[in-house]
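In the two assemblies presented below, subunit A is common to both, partnered first by subunit B and then by subunit C.
Right after this comes the complex of A and B.
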């Protein structure tokens, strides 16, 4: 018996504790999983021992392993054993393991209720404190229901250490067991006037979180918070109170008006950047909720914008980022005040940091006007050339198009310029927004009649240079969609083309078969439109040479498409091939079919409003 | 509300992780890996706030270790930044000269300090003296 005990002690000497485990893992970097599997076995055998010290050691190691990603849910019961130890050091280890590993659906939690209750009511302050902190992590609705009363009793404990923690735990209890809120609320309110600043701060935190979900119920507490705000010097608490006011002001505009003065004072006097940022944010929220007719609030907006400018000009990247973030909030309601700082925002576009550049881009979107749009887009495009990283360039491209197409092209005065911008954008490799560019091109071509000729000319150029676009990089991008638009525009408005034959030749070129199916289909369809147009013209001029040329060109090239893998392409190609053969036959017989063909393609397409289909009366039956 | 705090090495190994609210244990490694990758990729000179799904990540380099905290989007980012500073200051005060070695071999103490500072995701104590007093008391009891 004694020998067994000695043997046991000897074995215990060779147990690894947590430090040894960490050191071991670091030393065995190559064979980590094997080493850890071995350690797990050791831990399992340690857990089978009766000695609580050994078990606690094992649980501590398990917590570390869980952090590395290994599953330890099988040890739930052992963790509870350690938690119930009378010795504080072991109890603490158990609670820590529970906090990091258990969650509300863990089944073994049901066994813990009485134990936790005992700990909460313990004479030892640190026992209760550990229980409170740990409970915050793994409390479930059953535990909340059973332990709510005990936690509330602790609210009135003589030790501020416990009052502080129980106030915060109450929030979690409310989340899991909402019925506890009503009886507990008066006591929570009392804590706002607790002599200990830590407890006060905890109460403020809890009410802030509650108010975020349901601001109405906490409006009555506003005067208490006001007093706290003007009297406290604890920055952490002030930030929370100001955030709380930000949540309450949308409901009570009078509160907002009263807040402006103390907030402005704080903005002037504080040296803490975090507090300054919070005040500015709340002032913005207040001013948005108050009606904008008040003249003296202009001064507050100016103050905010001025302070934000200082933030953005600071060399610290964090402040720049936050300054830009807050500016975009002001932009929504007071665009004029922000527009004066356009130069600063454009400067931020050149910043090394990508997140700052993206924020500046967001701001620019709201700052354009008819006069500035060209300059801004020009800047953005030079930026795009210099930028690395295709995702960022893509973002830029999308933003450029969004800026220009805002509000039905509200800010564009010169559409020819816009078309040339779009064509330039087509030259960008690796974009995912090819269809966006394509839809813009079609939109402008259809709706802006004045620039149609220019557009068509540009599209013809695009078609002829299609081989540049359909390069090896095209597989990853959707830039080929632009060809879709180009072909369609050339086909539909073929009467405006300067050299329709060249465009037709560009369309039937061999490389076209490497394009995606739906684009090829459009190509074929528009080949027919072009063919009809050229035919009509050629017959008028009795240009038999031209007629023969284009007919044979199509007869030569269409079979390539007929054997394509895509069904739509096949169908259209064979349809059109038959038509062309028929036309050739008619010509051999001496008939003129030009005008008939042209009739096939006549009729202007107009853009249709999205709700138009609803207005079509449903036929009876 | 804060969600978690990680201490990560330059290569991306997790030295220490503490969750303030309970998270499904299966989802943890994936989320952590994503957050760590994002923060490591960022330049040291650039902005220290990032968005990661629904949370904001706030990170800061202290020597060779990267401290990452995740918080709700409504949380004041500068405040969390200051909180990281406060945490490292308390650890400095407790250990003397705080270094990476201390992180590796004193994980339980790191957990304890954090438990004193934050309960249920909210910062409860900002005075270093109050934070360290329970832990120092524990050390005294263990010694005697």
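Right after this comes the complex of A and C.
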């Protein structure tokens, strides 16, 4: 027996402990996985020993390996063995391993119930504490149901250390086993008046979390929390209480009115940024929820905006970010108060931090007015010039369009200006928002008749300069989509073109075949429209030279498209080629077909509302 | 409530992971990988907050270690930063000018410290003194057991 023990001790002398393992891994960087595989084998053999100290050492090593990404769930049973050790040292290691790798579906979890119960009720405070902390990480619905009472008993422990932990654990218990909430709640409420401020704070924490999910049930506690708020100096607790009130005020406007004064006082007096931020956020939430017409209303908003301005002006990036975030909330209900700080927000567009720039952009979207839209867009476009080659530039582009098009172009007074802006945006290589620009161009062209001629002129220019737009960077972007719009607009409103023949020539140019199929298809169709338009005019003037020129132009160029790989392009090109050939035949026979051709294209296309389809009655049958 | 806290080095090596919501291993790995990549790609002057899926991430670099935690939409970001700072202060006091190596070789102690500061993702003890006192008492408990164990081995207990 003694010999076995000595032999065992000798073997154990060579067991790696945790430090050895960590050092070993660091010293074997090139052969790490091989080394770890070897260590795993050693661990497995150690776990087969009877000795709990050895097992605990093995489990500690496993916990480290788990952090490196290795699966240790196979050792579940061993972990439980170590958890059940009477020695605190080993128990601690077991619970740590459990917290790291057990979860709701871990099968061995069901073996732990009695052991955990024993630990919870242990005479040793730290055994109990370890169990409470570990349980908070891996508690399952079964464990919650079975251990709820034991946890509740600890609420009345003589040691505040345990009262604190058990209060916090209760939240997890409620999450996994909601039926425990009703019987436990009165006991939890008592803890709000616990002599130990830490326990009080823990109770506030838990009730705040519960109230956020279900504010109605906790409205009755408002007076208690009010008293706590006005008497406490513990910032951690104050923040939680104030947040709780933020969740309660939508349900009880009178509460909101009572809160404005103490919150405003806190805003004035506190030096803790986290508390200030929480107060401002809650004031905003309160003022959004209570109806306006309150005398203090404006003053409080002004105070918040003022304090937020200080945050945004601070050199600390975090405060800037949060200031902008809170401003966005105020913007929704009190846009005028925020608009006064337009200059500050525009300044933030220059910030090195992209997340701050994006926040500022978001704010700008809501700060626009008829008077300011042009200036803001101008500033944004300057930024775009500077932000070449980044995702941010594309964000700016999208924002510019969103700002201008919001609410049916509510803020645009000069549509010619807007069209020029859109055309300028077409010059932005590498954008992913080509279709957005295209749809805007079409929208304005169709709906704003007053500037249609200007628009058509610009689109003709775009067509002629297509090779500039579809440059080398085009493959990675969707900028070619604008040509879709240009072709369509020129085709549909060809009567406004100053030189339809030039536009037709621009459309049949060779480079067009390298455009995406759907764009080519539009080109072809609109070639026909232009052809018809020019034809009608030419026949009236008996300009046979023109007729021959455009007919042979199409006859020459369309075959290129007929042999396209894209089916749609092929089909349309063949159709139109046949039509043109037929027209040529008619002209040879001396017939005039101009007016008939034009009839094909007559009728204005109007934009249709998205819900219009529903209004069409379903036919019988 | 805090959903998890991760500590990792500038090379992306994980030094500590505390999860207050029990996800299966595969999901934890995926989240960790994605988040580490995202944070390591941020420039030094950027703010400590970012939005990630439905969570808010709060992170701060202390020397060679990134401390990163995930909080829920309603939580206060500045408060989370203070929790991180409090944790760093505690580690610093305990290890005496803590460095990354301390956490590598004593990772279980780092976990134990965190467990005194937070339970279930909520702050448990706001007093630095109390946290350190509890840790010291538990260390003492371990030492006593070790001494006792050694004495037993030699038949002297």
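As a working rule, the second predicted complex is superposed on the first by the 613 of 621 C-alpha atoms of A that agree within 3 Å, B and C clash if a C-alpha of one lies under 4 Å from a C-alpha of the other, contacts with A are read in each partner's own complex, and residues count from 1 in each chain.
Everything that follows uses one rule, which is that a contact is a pair of C-beta atoms (placed from the backbone, for glycine too) under 8 Å apart; a residue touches a chain by one contact, two chains touch by 3 or more.
Nothing here was measured: the structure is a model prediction, and the numbers come from that model.
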item: Touching partner for A:69 - first (subunit B), second (subunit C), both, neither; value: both
item: Contacts of A:87 with subunit B and subunit C, given as first, second, both or neither; value: second
item: Partner chain(s) touched by A:317 [first = subunit B, second = subunit C, both, neither]; value: both
item: Subunit B versus subunit C as contact partner of A:307, first or second or both or neither; value: neither
item: First (subunit B), second (subunit C), both or neither touched by A:18; value: both
item: Subunit B/subunit C common contact set on subunit A; value: 18-19, 22-23, 26, 60, 64, 67-69, 71, 73, 88-89, 92-93, 96, 100-104, 126, 129, 132-133, 136-138, 161, 164-165, 168-169, 171-172, 198, 201-202, 205-206, 209, 212, 234, 236, 239, 243, 273-274, 277-278, 317-318, 320-322, 352-356
item: Touching residues (chain side subunit A, partner subunit B) in the complex; value: 18-19, 22-23, 26, 60, 64, 66-69, 71, 73, 88-89, 92-93, 96, 99-104, 126, 129-130, 132-133, 136-138, 161, 164-165, 168-169, 171-172, 198, 201-202, 205-206, 209, 212, 234, 236, 239, 243, 273-274, 277-278, 317-318, 320-322, 352-356
item: Interfacial residue positions of subunit B with respect to subunit A in the complex; value: 1, 14, 16-25, 28-29, 43, 45-50, 74, 76-79, 81-82, 104-105, 107-108, 111-112, 115, 119-120, 122-127, 130, 134, 137-138, 141-142
item: List of subunit C residues in touch with subunit A within their complex; value: 1, 14-17, 19-20, 22-25, 29, 43, 45-50, 74, 76-79, 81-82, 104-105, 107-108, 111-112, 115, 119-127, 130, 134, 137-138, 141-142, 145-146, 149
item: Subunit C contact footprint on subunit A (complex, rising order); value: 18-19, 22-23, 26, 53, 60, 63-64, 67-69, 71, 73, 87-89, 92-93, 96, 100-105, 124, 126, 129, 132-133, 136-138, 161, 164-165, 168-169, 171-172, 198, 201-202, 205-206, 209, 212, 234, 236, 239, 243, 247, 273-274, 277-278, 317-318, 320-322, 352-356
